[in-house]
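Two complexes are shown next, each including subunit A; its partner changes from subunit B in the first to subunit C in the second.
Up next, the complex of A and B:
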């Protein structure tokens, strides 16, 4: 259908978004807080995130063609819709900066070996803008094409890790309170379904294809959980020292490292998935801006994204420790809102709509 | 009663045709009855003229009328009445126009003939196995070549005239029970709306048919062999034949078509799959290798295997150029040699290639101007380019873009450029068909004839990508 994406493409978007902010730095950070129980925290967070999926599908079935902003406006007033969307815009912007910062540090250390902020920005911003202006369909199609490469790279990294000495991580070391505290603390990198809510009107929904969306969601969750588990099994108590989880899975494998630098595969996988994640964040931001300011041109929306991105990155945030620290200390409520509160709001709206239909 | 003053008409049309050297006329008189014939002797069959018109006229003894002239005397397959405003057009199209002083009707007799070449194997599409016939410049011959392969009443051949000066006949060919109605309508509309003074070759109308005429990427298929065009018509595409051009255009077009070759269908499908994958790799090597090599050499030398790094360091030591300029220099050298060898006569072209490739390359390395790895990388990318010769010009432009990206931004630039390119390609729809189909978006049923091909017995469905009217190639009727 014109300008709509298929259920499969929506699933692939979720698959790639779930990898964002979770496969490099997060395993080390979470280990530092709750040790091996980080896997349990992760499972709890993913399980909570998973609840968004049936809510999303219910919303789609109740409002097949309506944009999320219009639904919110209809049921919660325009002012509330704008406030919620402002939160989303902030959320998408910080996610983009966080993703960029983490990956930037990784690439700086691994392949550029010098400061290359200008190069990275010149590379990322135009491609993000182009994607945002082109629309969701080309982004989804490109992701569909490259998803094979990303998945193969990811599986390769996991597969190589199996060939190194592994030990079962120690679970149930931290108290339940600490585990739930970590769920709150590290909530920001989660909540990726927000994006699907934002593009709900652009999904070519077919009831019989719902299983595709479930398949890709579950697949992404399994891959992330496997990555965390293998990473902790490989590095045990030193896990908190390794900031590049996916790439570090390939290290110290004598048998395979004789071939050459295998981390190139992790580099390509990360680079591809990061570019797509950034495209999605930029698209979501621009789409939100255009909904709040309907008369604005999409070029201006992209320009606003660029300016805010540069401003926040250079002036407010500065370096990656600051942004990572801020997401843990201050931005966790945004993650909680995106992951749990907002899906609840949507669920209530769907129920109200269902009742209204039943009454009429 | 006199209808036309034939002498006046002769003078009028002689003047209107600028008293051209090939202008010719004849007047046949029988009593008071006068028949005047006007034609261009350069484009008619003069032998047929005397046998089909003059001789029967001389032997006919009764009174003449226009109907007798048309139906009994003129022995030719196409004789028709025309309006006076069409006279010039008919003369220019190789017809003999006849005026009489006993009727107000004007007759045009088709005696068109011009030298044509015999259908031979086109130099751009040689095959090891399979048919060797190629299209020629003559429209009728080309239609014959298609008609001979499609003996069905479903074949529709529609004609249009394009070009205010050249007045070319343009033919649309499709199967009415397969080709999508919207596609046919859209193509017809686009052809009808072409405003151009001349169509010298089918490529003149190419950009008028494209959805994004300013794009680097080609969006219309072209073939010089009837077997290829017929197979595309069978898939539900529309073929466009232009008079005076041996290249037949086909729409819609997807990029996968250039990875396919007619040879693939005449050999084992396992081998075809392997060859197609090689072509894709060739395409990627051609586009990415110089840019990626530059990125690795300038920014990411730590990724290179140590032995290769030592080789590069050894061979680039003391070069007067930076790596970026070195690759640009070698690239320019290859491109100049290519252009020269293309335009020179073949005997000189060969000499230039030898001088260029052996002497310039070898001496350049020995003189310490260029490095062997640089030459190898650029040569590899230039050779790989011809795994898909149809896209050679587009790939050359992309090579330059990726050299700049790799040299200035490193591997990040190369990967970002690749994604940008694919994103852009995904925006292109050729008459409703996604450019990267059946991979993006994924159309599972069409994957049987994609990079990996299935056995012909398994390819029982028509490609969904082109939205054909029916889904199966052969619809078996229930015989109960």
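Up next, the complex of A and C:
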């Protein structure tokens, strides 16, 4: 029980992770590519992502106490396990940089126009490190506490959008080929279940509580699909011009001008969810480093995360457009791996284990 | 030592200390935001031969005990919008923040070319919010801002409030930058934005409003010498001498691919909005109607509207048929009777009145459609309706005609009005 998280906490983690990189810039990017059919692409991606959940639960039932790394090592050899974990580390690092870059640009435009990136990093990195060092349980408990605020803020943004002029978006305007190529192109921001696979040993699994995990997953999917649909219904043809979907559901409505800056609600929601997402990415990275280098102290793992983050951000990426462009052009295979290939590997392992048990 | 131990126990305290050290000293020594930033509440853009002039109605927050707001108009000139903005910042001595700009006024001259090119820098780079009210003027935009500044100080009415009324009651859509872009990127690249003009106080106030009988409103300004003063690209602006007034006749301009193609009167707008269920409250006047042995002029207000629309392709012709149920309220009778009892003798709508109203409304609609057809500007959403209801046939039809812009010319409108006394 110690250092384990409940099924509800795991559900809340997935709820907040599903929001990452999908509620600000992605709706505009996807609309630019496939117009209103972005909603169809999104549903396809989420449906495919959903398959990971029963696979995860099956894995947990077959290997109740084993760490994912150990399972991979046992069935696929240590070298393969290390390679897979290296991919995960890279994936988590890029996800962290992508999330940070998008949210940083948003906050810079909205409130901190004079600030420079170092100031944001000073405030973000220590919190992420502290969370990673403290462990999964404190992160999950804090998330559980703030999930009410995040959910309320999210629902408020959606609710306000309902009261603004909306029109039904045009669906099926793009060809099937284009819709499926958008599934591939924008695969990187998906694949959030990878994190649950990485912490599979730390989930306090109870068969009767599986529905909680399903509930939060379905809830998060419904919220994201609703966000996309409302966003396209509100902005129609100009959706590609609005890079901050959640906040833009509140803004640009003449009707609500009297209230003033209503987007503060979106700002708070985004800030809280981003902090937790970054904490999770940092934790996952550190956990992975500690598995590959078992003798390393977790402080050093956090330090490696910081150094790599800063090096990549300053030296390679430099600005927001580069990382966004790279995730669409070059990192899509990582999303495909995380979303489809890896769950398939895990499913095969679970089947093999099941057969072994049956024969023994 | 105890403190050190405490820090060792809770390393986050060190982080807190570092953050305080980084943030606090600069915050203490830096000047207030109002010294560094000027808040812009309206923007005006003018263009002469080779130069832009960008004007800002600014609000400089100053601590005072009263609620009065100090506004001034500041402008800058340059070869590009970016350069003009930079020059205006120099004049103002502050950085300009556009996120509070509620109104953007552009001079008609900018609409001779694709206006999106001119405003691109402001909306994409300078954080001009897309919900800014976007209007066009025949007068210099700078003068509109100067006049509006004193309008606010004398009668407490802001420019955006005047236009917001138009948007709600005449355009039936926001006349915002967002609405402009929505039209600009639509299938027919057509948008509709509000139109204001500036006239001398002694000038003609009624304009087309009187002739159309739509009761256009005119906002009167008592002068323009409030806070500006100097003009000509420096602080202040406006004439400072002559008394001007902002004239709002509820007019709008039709833009095709960002270019001005037609000025529309309030009557045209009513015709355009006939098929818009949100558009109510218009007054329909029919004259010289024989009733009970006398001749009267009747004015009805469209109180409610129900619309059933269907589209189809019949023998290769696109048919747009609409059945409108209009609830009309009799609001005025002009005739020989002086004491007419509206609720008794005139509560019923006889066929001759229905016929005249039917003719009047259809005439308005036909005129409006002729303008839209002439300019190939579908601001009603006819393309969208056909696309949604008959996608295959619509796509085929578009392929077969010379240009999709010609589509409106082929559409056959069948409007059936059912008038009810309300």
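One rule holds for everything that comes next: the second predicted complex is superposed on the first by the 354 of 360 C-alpha atoms of A that agree within 3 Å, B and C clash if a C-alpha of one lies under 4 Å from a C-alpha of the other, contacts with A are read in each partner's own complex, and residues count from 1 in each chain.
The working rule: contacts are C-beta pairs under 8 Å (C-beta built on N, C-alpha and C of every residue); 3 or more make two chains touch, one makes a residue touch a chain.
Note that the coordinates shown come from a computational prediction; the quantities given were computed from them, not determined experimentally.
Enquirer: Looking only at contacts as defined up top, I'd like to know whether subunit B or subunit C touches more of subunit A.
Expert: Larger number of subunit A residues touched: B.
Enquirer: Quick one: is A:170 in contact with subunit B, with subunit C, with both, or with neither? Answer first, second, both or neither.
Expert: second
Enquirer: With both complexes superposed on chain A, which partner does A:119 reach: first (subunit B), second (subunit C), both or neither?
Expert: So A:119 meets both subunit B and subunit C here.
Enquirer: Contacts for A:271 in the overlay, against subunit B (first) and subunit C (second): which applies, first, second, both or neither?
Expert: Once the two structures are laid over each other on A, A:271 reaches subunit B alone.
Enquirer: For A:130 in the superposed arrangement: first (subunit B), second (subunit C), both or neither?
Expert: both
Enquirer: Contact-wise, after the overlay, does A:9 reach subunit B, subunit C, both or neither (first, second, both, neither)?
Expert: So A:9 only meets subunit B here.
Enquirer: Starting from the residues of subunit A touching subunit B, keep only those that also touch subunit C in the other complex, and list them.
Expert: In subunit A, residues 113, 119, 122-123, 126-127, 130 are touched by subunit B and also by subunit C.
Enquirer: Mind listing the subunit B positions that touch subunit A in their complex?
Expert: Residues of subunit B touching subunit A: 299-300, 302-303, 305, 408-413, 415-416, 419-420, 422-424, 426-427, 434, 436, 439-442.
Enquirer: Hey, which residues of subunit A end up touching subunit C in the complex?
Expert: Per the stated touch rule, the residues are 109, 113-114, 119, 122-123, 126-127, 130, 165, 168, 170, 235-238, 241-242, 251-254, 257.
Enquirer: Sort out for me which residues of subunit A touch subunit B in the complex.
Expert: Of all residues in subunit A, those touching subunit B are 6, 8-9, 107, 111-113, 116, 119-120, 122-124, 126-127, 130-131, 134-135, 137-139, 141-142, 144-146, 260-261, 264, 267-268, 271-272, 275-276.
Enquirer: Touching subunit A in the complex: which residues of subunit C?
Expert: Of all residues in subunit C, those touching subunit A are 11-12, 15, 18-19, 22-23, 36, 97, 102, 127, 129-131, 133, 164, 167, 173-174, 176, 178, 181-182, 185-186, 384, 387-388.
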